[in-house]
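Have a look at these structures, which come just after this line.
Next, two complexes with chain A in common: one pairs it with chain B, the other with chain C.
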Partner chain A sequence: MPENERYIELEANRFRDHCIALYNSGRYYPRLMFAADLRQSNDCFRIYMVFSEKEKDIFHIPFFDLKENAPVYKSLTPDIPAVHWYEREIRDMFGLIPEGHPDLRRLVFHDSFPSDSYPLRKDWTISRTDLNEWGEGLIKKEAYKFMEVEGEGVHEIPVGPVHAGIIEPGHFRFSTVGETIFFLEPRLFYTHKGIEKHFEGMSFFDGVRLAERVSGTSSFSHSAAYCMAVERMADIEISEKAAAVRTMLLELERLYNHIGDIGNMCAGTGVAIGNTYGAVIKEDLLQFNKRLTGSRYLRGINIIGGVTSDVFLKADDILNTIDAVTVEYKKFMKMLLGTISHIERLENTGKLSKDIALRLGVTGVAARASGINDDIRKAHPHFLYDDLDFEPHTSGKCDVYARMMVRAEEVECSISIINALLENSYNGDLSSSVKTIPAGSSALGYTETPRGSVFYWVMSDSKGMPHRVKLRSPSFCNWPAVPFAVHGEIVPDFPLCNKSFNLSYSGSDM
Partner chain B sequence: MLKKILKNIFTGNRTLDVKEDNVSPVQLKKKMDPVFGRSLRIRQVDAGSCNACEWECTALTNPVYDIQRYGIDLVASPRHADLLLVTGPVSRQMELALRQTLDATPEPKIVVACGDCAIDGGIYKGSYAVNKGVDSVIPVDLVIPGCPPEPGRIMEALVQMMEDIRQGRS
Partner chain C sequence: MEYLQFILIIILSPLINGVIRKLKAQMQGRPGPGLFQSYFDLIRLFKKDMRISNTTSWIFGAAPYILFTSTIVAAMIVPVITTVSPFSVMGDIIAIIYIFALGRFFMALAGLDAGTAFGGEGSSREMTVAILVEPMLMLSIFTAAISAGSTNIAMLASISGPIYTPSHILALSAFIIAIIAETGRIPVDNPDTHLELTMIHEGMVLEYSGKYLALMEWAHYMKQMLLFTLAVDIFFPAGIINNTEPAALAMSFGIYLLKMFSIAFFMAIIESSRAKMRFFQLPSLLEGGFVLAFLSLLTYIMTGR
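This part shows the complex of A and B:
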């Protein structure tokens, strides 16, 4: 078992108190909550909660067991609001009921999915008819009731799932008063692909390709976190060289995303040249990714035990490209910061207070822009991050502008990390050969994606095959914060606010 | 009309043999203008992709590829579209929305399945929550393989399709 994971077995009634005590101490971030079906081995379901300590590289993981005939536990949500989606997700996937949860509507499954059907239970099956009816979407089996805002002059605007731009599908229901958004309810999970269950049907080795395809623009961070989880579970140490390659590519992924995101925010303010400029630099970086790794989205590099290619052999190309990108990027930022019409729209728009961000467990750029000093690269150093001297970039302004500026500072930070990595040489083989995975073991893996922290928790069965793969993408944490950020803004500012978070639907819908 | 011609050419799904990043603007334009009178309107529909495919579609409009040069544009509504460019394996929860989008598209509605997922479910094939590609939900006229297909490849495939239509006509 990895050294920084401390599992604590508790009685069901003690679990809740324990978690609340950890949470209230203010020394821990709640990171994720999930369940596993252990009825075959232990005759129970098990629910885990992962806290990470703020000052130390330690995960506290209390867990408790639930019997199938009494699948009810006391909800943590009233005390730890950050787990509200997790508890609903666990209910949808395992049928374990959080008693006292303020919102027990289904989260993942839409109306025509059968009731009392829980895909992550090991003995789950579904009939052809149910599957077809689910897809046709005509029969409502468990109707979802949108929240209703009543009052004089309240107007409802439903949008999506198919939107006007080239973006992912999701449904948004605005309750407005005049032009002002009073309340927004997102209905997501249109792109739910059953990924966690799908992992269970393939070997840990094949799972890497799937992890790369959870959220397209975070392909590398996802697969790196997944590989890290499996490697920790199997007690495999990757070489310094492999760690260097991973660190380099994580930063390159951050680079193209952040620059692209800053550009995309210009689409929300109608600054066409900024949007285009960002797109051109991003395209340069994607083409560079392809030269470096054969894939514009950095796929095919991570494998269990290391990496497939030594990008440091192309150090010249890296250096030249990064130099050229730096020059362009500086011009780009100078232009944006000098465009008053752009900046004015960003400032004081889409504010997310630190208090709400903390309570909802927001992660990544969105958290740091609301003053939360949290970055997994720093909090739980992995690969070569411990050797690198950098600080998380935060801002106390909490608005769209802050989210742009945190990205901008992180771009510069990534550039210096890349340059620093190029100054050294690294030893070891690209990968160590791994043939088997130990039975009945488990571990966490994590990275800081461009959007925030991603976690994988893997558990092997008695044959060393995946028993459970839990994945928690940053977007899953951050979606619930978007309605708070847009409350009180005007409808035309919604796209801008949304872009400033730039969340992945596929990543959170899984 | 157009749809009929297409159907004749593509008996079943057909994979085009396209070379990546090998697009000559002048030649492309010459090929395309006679076919669509300088105007092809595309509505992109994400039917459960991982989102990398969408980013490649978005890249089509950046100044590097600048697909608008050829009279091709990506439009905001299926009502304005000649062609649906569908990505993703068609997750079950997007199935209805995809059918409705097709219904809202005027004839001739060309449907292109873009990316390995859209062709047969790709990496997600076999999962309870997805279909086996666009073809298993609505009729498909052309497929563009790749995971994701790069922008140059998407562009070439579209142009090749237009060329085939033109030849089918003459």
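This part shows the complex of A and C:
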């Protein structure tokens, strides 16, 4: 069991009070909540809640057991709003009901999925008829009711799930008064792939390839967090060299994402030149990724126990490319900041207050732009981040402009981290050979993706195969915040606000 | 020949749109589609089948024809390469503005007709913009009309030589803002966007497909070229001839094309250098245009030039 994870077993009725006490002390961030089916070994379900301490590198993980014949527990949502989606997800996946939850509609599954079917239970099966009907989506088995806003002049605009551009599916229902957005309800999970269930059907070693396909633009962060979780569980120490390679590639991933995202915001304001300029720099970086690792999205590098290729052999290429990108990037930012009409659109648009961001457990760029100084690289140092000198960038402005500027500052921070990494040399083998995974063990893995923190929690069964893999992507945390950011904005500004968060549908529809 | 000059507008309008698209792509560092891409788009659309929502009424089917024919009627009144315009007895500049309004009215109705959210949004936004643009367009033209003593466009265009008085320059600025708004270009609308929620013109035609869409798009290209033509007729008439000799016509046609390409270049620069405005800030731009037009009229009345 890793040193910084403190598991605390509690009685079902004490769990809620304990969590609320931790939350109210203000010294902890609620990170994720999940369940595991332990009916074979312990004859119960187990629900975990992960808090991370703000000042120290410690995770507090209270958990409690729940019997199958009484699958009801007191909801935490009224006191800790950040867990509202987690509790609904656990309801959909395990059939454990949070009593007192203000919104018990289904979250993950859509209308044609059978009502009493809980896929993450170990004994889950689905009949051929149910499967076909689910695939066709014609028969509504449990109708989803959208929230309704009533009153004079309220107009409802349904958008999606099929959009005019080539993007992933998501449905947005706006209730507007004139052009002003009064209420927005997103309906996601159209591309739910059952990834957590998939993990259970393959070995921990094969799981790496699945992890890096959860969300295309965060492939490396996901596989790094997954490998880290398995390595911590199996007590494997990766070499300094492997840690350096992972740190380097995490920053390269951040670099191409942030520059691409800044460019993408220009599409929201119609600045086509900024949009293409950002896309060109991003493409340069992706081609560089391909030169460096053989994969544009840095896939196939992480394995359990280390990495497969030593990018430091191409240190000169890295140095030259990063220098060239830095020059281009500075020109790009100068152009953007000089386009007053663009900046004017960003300022005071899509404000997400610090209070709401904290309560919803927002992570990553969106949190830092709302003044929350939270970065997993700093809060829970891993790989080589402890030795590196950097500070998370925050902004108190809370608007789209702040989200752009936080990204811009992080680009510079990533460039300096990459340059600092290149100054030293690192020892050790690329990977240590790992044959077996200990049975009945569990651990957390985490890292900071370009969008925010990603967590993997893995648990092995009695044979050393995956019993439960919980994955929490940053998009899952941040989607509920988007409606708050666009409240009171006008409808044509929604795409801009949405792009400033740049959340992944695929990453949320796990 | 003078009877047929409106055909130039029908035939060349997709080319002008292609030129703007090409120039914009070049400014973004992309090769962009060929100059004739707009023709290919229209041909492709004409060959396609149509999908028509069964919630629509006759308006949906009638709007493309009304829009297309009304734009052609407007094109007949406008002198393109010669001011000898036999159709000009049919109407003057005020008639043109209201012929445009007729097309716009039916397009907005058609946007509402299918009952979709985006069509309604587009129509509501289009009418908001139209209310602000029309007075500006009128006032800026009145300045030129008063100095020419007529609202007949052939008369306006016959005034030979440049007329760069302060009142005309003010009127021209207002007219340019009106053209940008009328043709749905940045900073008012974004013709290239795929973001349904931000659309104005595209929102209204979102339900259209196949031949109807082709007619709508073609009418939009023609309207754009007509507005450009009006701008050169009123503010840069130099080069337009008042007879129908073939050699002179050819010369005038060359000059006309040159003027069109210059305006296309100018539009491409504006579109590439600015962000789209926030929708609720549009009134300040359009009211600014109105003030310019009003000032131009005032200047003319007070200074007499």
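Rule of thumb we're sticking to: the second predicted complex is superposed on the first by the 510 of 510 C-alpha atoms of A that agree within 3 Å, B and C clash if a C-alpha of one lies under 4 Å from a C-alpha of the other, contacts with A are read in each partner's own complex, and residues count from 1 in each chain.
The rule we apply is simple: a contact is a pair of C-beta atoms (placed from the backbone, for glycine too) under 8 Å apart; a residue touches a chain by one contact, two chains touch by 3 or more.
Given the structure is predicted, the values throughout are model-derived calculations rather than measurements.
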Once the structures are superposed on A, label A:Asp493 by its partner contacts, choosing first (chain B), second (chain C), both or neither. second
Just to be sure I read the superposition right, which of the two partners does A:Leu104 touch: chain B = first, chain C = second, or both, or neither? neither
With the two complexes superposed on chain A, say which partner A:Ala315 touches: chain B (first), chain C (second), both, or neither. neither
Of the two partner chains, chain B (first) and chain C (second), which one does A:Thr276 touch, if any: first, second, both, or neither? both
In the superposed model, which partner reaches more residues of chain A, chain B or chain C? B
Tell me the contact category for A:Val434 with respect to chain B and chain C: first, second, both or neither. neither
Touching A:Ile415 in the superposition: chain B (first), chain C (second), both, neither? neither
Examine A:Pro158 and indicate which partner it touches, taking first as chain B and second as chain C; both and neither are also allowed. second
A:Arg345 contacts which: chain B (first), chain C (second), both, neither? second
Would you mind listing the overlap between the chain B footprint and the chain C footprint on chain A? 164-165, 276, 280
Residue ranges of chain A in contact with chain C within the complex: 155-159, 163-165, 179, 266-273, 275-277, 280, 339, 341-342, 344-345, 349, 490-495
Per the touch rule above, chain A residues touching chain B in the complex are 109-110, 119, 126, 131, 134-138, 161-162, 164-169, 189-195, 197-198, 201, 209-210, 213-217, 219, 276, 279-280, 282-283, 286, 290, 296-297, 299, 504-506, 509
Touch list for chain B against partner chain A, complex: 44-59, 62-64, 74, 76-78, 88-89, 91-97, 101, 122-124, 126-131, 137, 147-148, 150
What does chain C use to touch chain A in their complex? 24, 27-30, 117-118, 120-121, 125, 186-187, 190, 192-198, 271-280
